[in-house]
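A, B and C label the chains in the order they appear, each numbered from 1.
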Amino acid sequence: MDDNYLLSKPYLLNSEDLTSDDINAIFAKAKYFLGNYTKGAKFHDLRGITLALAFFEPSTRTKLSFELAAKRLMADTISFASSGSSLSKGESLIDTLRTIEAMGVQMYVVRHGNSGVPKFLQENTKGVVLNAGDGKHEHPTQALLDSFTLYRHFGQVEGLKVCILGDILHSRVARSNINVLKTSGAEVMLFSPGTLLPRYMNAWDLPIASSIEEAVEWADVLLVLRLQRERMESGVLPSIREFSKYFGVSLEHFSKKPELVLMHPGPVNYGVELDYRVSSFPNCLIQTQVTHGVFVRMALLSLLAKFV
Amino acid sequence: MDDNYLLSKPYLLNSEDLTSDDINAIFAKAKYFLGNYTKGAKFHDLRGITLALAFFEPSTRTKLSFELAAKRLMADTISFASSGSSLSKGESLIDTLRTIEAMGVQMYVVRHGNSGVPKFLQENTKGVVLNAGDGKHEHPTQALLDSFTLYRHFGQVEGLKVCILGDILHSRVARSNINVLKTSGAEVMLFSPGTLLPRYMNAWDLPIASSIEEAVEWADVLLVLRLQRERMESGVLPSIREFSKYFGVSLEHFSKKPELVLMHPGPVNYGVELDYRVSSFPNCLIQTQVTHGVFVRMALLSLLAKFV
Amino acid sequence: MDDNYLLSKPYLLNSEDLTSDDINAIFAKAKYFLGNYTKGAKFHDLRGITLALAFFEPSTRTKLSFELAAKRLMADTISFASSGSSLSKGESLIDTLRTIEAMGVQMYVVRHGNSGVPKFLQENTKGVVLNAGDGKHEHPTQALLDSFTLYRHFGQVEGLKVCILGDILHSRVARSNINVLKTSGAEVMLFSPGTLLPRYMNAWDLPIASSIEEAVEWADVLLVLRLQRERMESGVLPSIREFSKYFGVSLEHFSKKPELVLMHPGPVNYGVELDYRVSSFPNCLIQTQVTHGVFVRMALLSLLAKFV
């Protein structure tokens, strides 16, 4: 690991911000934290740095993951959201940011329901902004922890065949994963009901599976997306039962191909996109993804702290 | 104090989990923390351990008490509840627990409105679960701090006569106290309106006072329960005034017997189960209970951390 | 700086609690923290002290400012508010305070919608209470950070001409600033629509400007208050447009007098009491006020901790 490596951008807004070298540096650092934390090592990479967790959308796993990552690196952290804050007095987001910056906050982890909010904030602060999920746009740290999980499981990401299944259209996870996987040299295939495929598909130029059987046969890895409840009720899908029958992943698919690896960003709708029994399958890496999430976020915070 | 003592169970779900030796070990440790904290000592018993405060019911005193206890032992703590978390996205409790566990959380302090939730979680995690109150079932740390308060006041719990007064039927505090007091060799009597006595009374085989005068005469200690507002409005009681007249504790009772000790788990409904003037009575230990609560919880966290 | 200086009162409830010597001691300490924090120094002034942040009104900036101040001095902090706490079970404020005190909390930062709550709490605790804003009564730390900002900008506060503009009637910021500025020897003028001037004006005996032009000509500093939205809708003002035209501060006023200094406690209603373009004016100190807020609160916490 080269301790002097600088990420190519002093923030993380989109998965396209990351070069192949950036991804390798993040993985090397995450591996270092993973190995040494379990041995009881202490890290001080963010000592003296004040970090704000600004989550304007409900979140358990991503918020806790960043919070634990920041605390394990000795950051001073503050949390705020729109409810109970001055935003309910009608203050604009940008004025709130400037106020927080004036108090000495240097790093911001931002989740927001509107696409582009992290970019907008980055353009208006001298601090470092990390996108923790913005609207239907991007969720780059999720993509990084997914790829790190593949890197740890297979030894490398290059050449892997990854099929992303489910609601591609509304998924920031899909968008970020496609970019990070392609940058790392993986092959990506999609499988989705036609109404849940984005219209701008051509820009990606990715193969589309015509059946789940084809996806299973082709892939080394199935990356299953969460089906948002709102989607089920909005008319783009005939019924949950039908979605589950034609697009859900069942135990049967894994019985035919035991080496197949399963990932899901969580929280899972068991019985909808995934059969519950699959969760105890040995190559189901859903828990491992969560564990790796903390270390990948530690790596990112540590590398981005060099720009503070 | 034997520093190698191991509690008989690697969790605390029910008051029945505690043997007499366990209780003695907890009291010895709590006494140690109490004595040394006030001298300015620092403790590191939970350094490097990540603890989750999972309070699914509103709480001031119990949550703050555990939070302070954990911080004074240098734990990394995270808080979460159902609102604002992924539970609002329909994720099951058990999946949330597994996610949090995958992030490296090793101890859980759980309060939930449904009886049995802490037990259910314990059966599904490798971490250590502490019950901070579950439905109408148990509140074992309250019982421990109550007994610790008696132990400090009287020198021993064995042989003490404790009368529990009020809404026994709906009280997790009563249930846990009866077990801990009996394990420690105290005698227990109950006093309650007939509609607020549990039907399974026979299992406890405890004497019932027929009037508050009888209770006062018999007891060394009155442990007065909080009358839940819902109860007052539900028809099981004729009126607050009548409850207060026949079942409330007044200054008069203490004037007759100044050595009588008064405890209450709080928050008190003054004017309902207790006369406000009683709170300044010298043997009223309500504030002492709160103070001891932090040290008893430190003791428990420290002893249970050996199982992490 | 005299390290043995003791504030004249062991709390901060009202701006009148502060003598001229107190203010000088707070400024000297704040200047010390400001200079040394940016050099990377660590402070331990509140190590071992437990501080409660009790905010019963929504707040971003004041709460975060106190939280950062307390953390940078190594305090153990706990937060609580009425929602989600036992106050929703009907417990009185004073019983909640006593409970928290029994857990070992020694300092309280209190914001409440009702005037006088901090004073009421101070009279019922052995701990140290800081008023972080109570109803329409006082907001003394805001006044201190405003004066500290003037002290840093001009070298001294004595003799400065400060005009306070806007909704004087409902403003705890105005009330506290008038006292602190007068104690420090500044001259104060007011400018406000007649319906937003307090009836007890005579007690202050302050000059009133008859137009914004007069205010600009007279003043070294304009301290513009936030116009509460409720006020705009309540009929005391004809329309926002009219308020903005006759009582709002525009770029034009600063073009005529570039040395004029602008302050505002935030959050600003741009387009109402202040033209947005004014915020980039070099003598606009709004961000500086926020930055100084953290250091002034550190100074106060440090000086008040001597009474713990």
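Please note the rule applied: contacts are C-beta pairs under 8 Å (C-beta built on N, C-alpha and C of every residue); 3 or more make two chains touch, one makes a residue touch a chain.
Here the structure is a predicted model, which is why all the values come from computation and not from measurement.
Peer 1: Working from the CA atoms, figure out how many degrees chain A turns to land on chain B, in steps of 5.
Peer 2: 120
Peer 1: For the homomeric pair chain A and chain C, should the interface be classed as same or different, according to whether the shared residue numbers exceed half of all numbers used?
Peer 2: Chain A vs chain C: different; shared/all numbers falls short of half.
Peer 1: Just curious, how far off is chain C from chain A if you go by their C-alpha centres, in Å?
Peer 2: Roughly 41 Å, centre to centre.
Peer 1: Out of chain A, which residues touch more than one other chain, so two or more?
Peer 2: Not one residue of chain A touches more than one other chain, so the list is empty.
Peer 1: Which positions of chain C touch chain A when the two form their complex?
Peer 2: Touch residues, chain C against chain A: 37, 40, 58-61, 64-65, 67-68, 71-72, 81, 229, 266-269, 287-288, 290-291, 293-294.
Peer 1: Using the touch definition up top, name the residues of chain A that touch chain C in the complex.
Peer 2: Answer in residue numbers: 48, 50, 76, 78, 80, 84-91, 95-96, 98-104.
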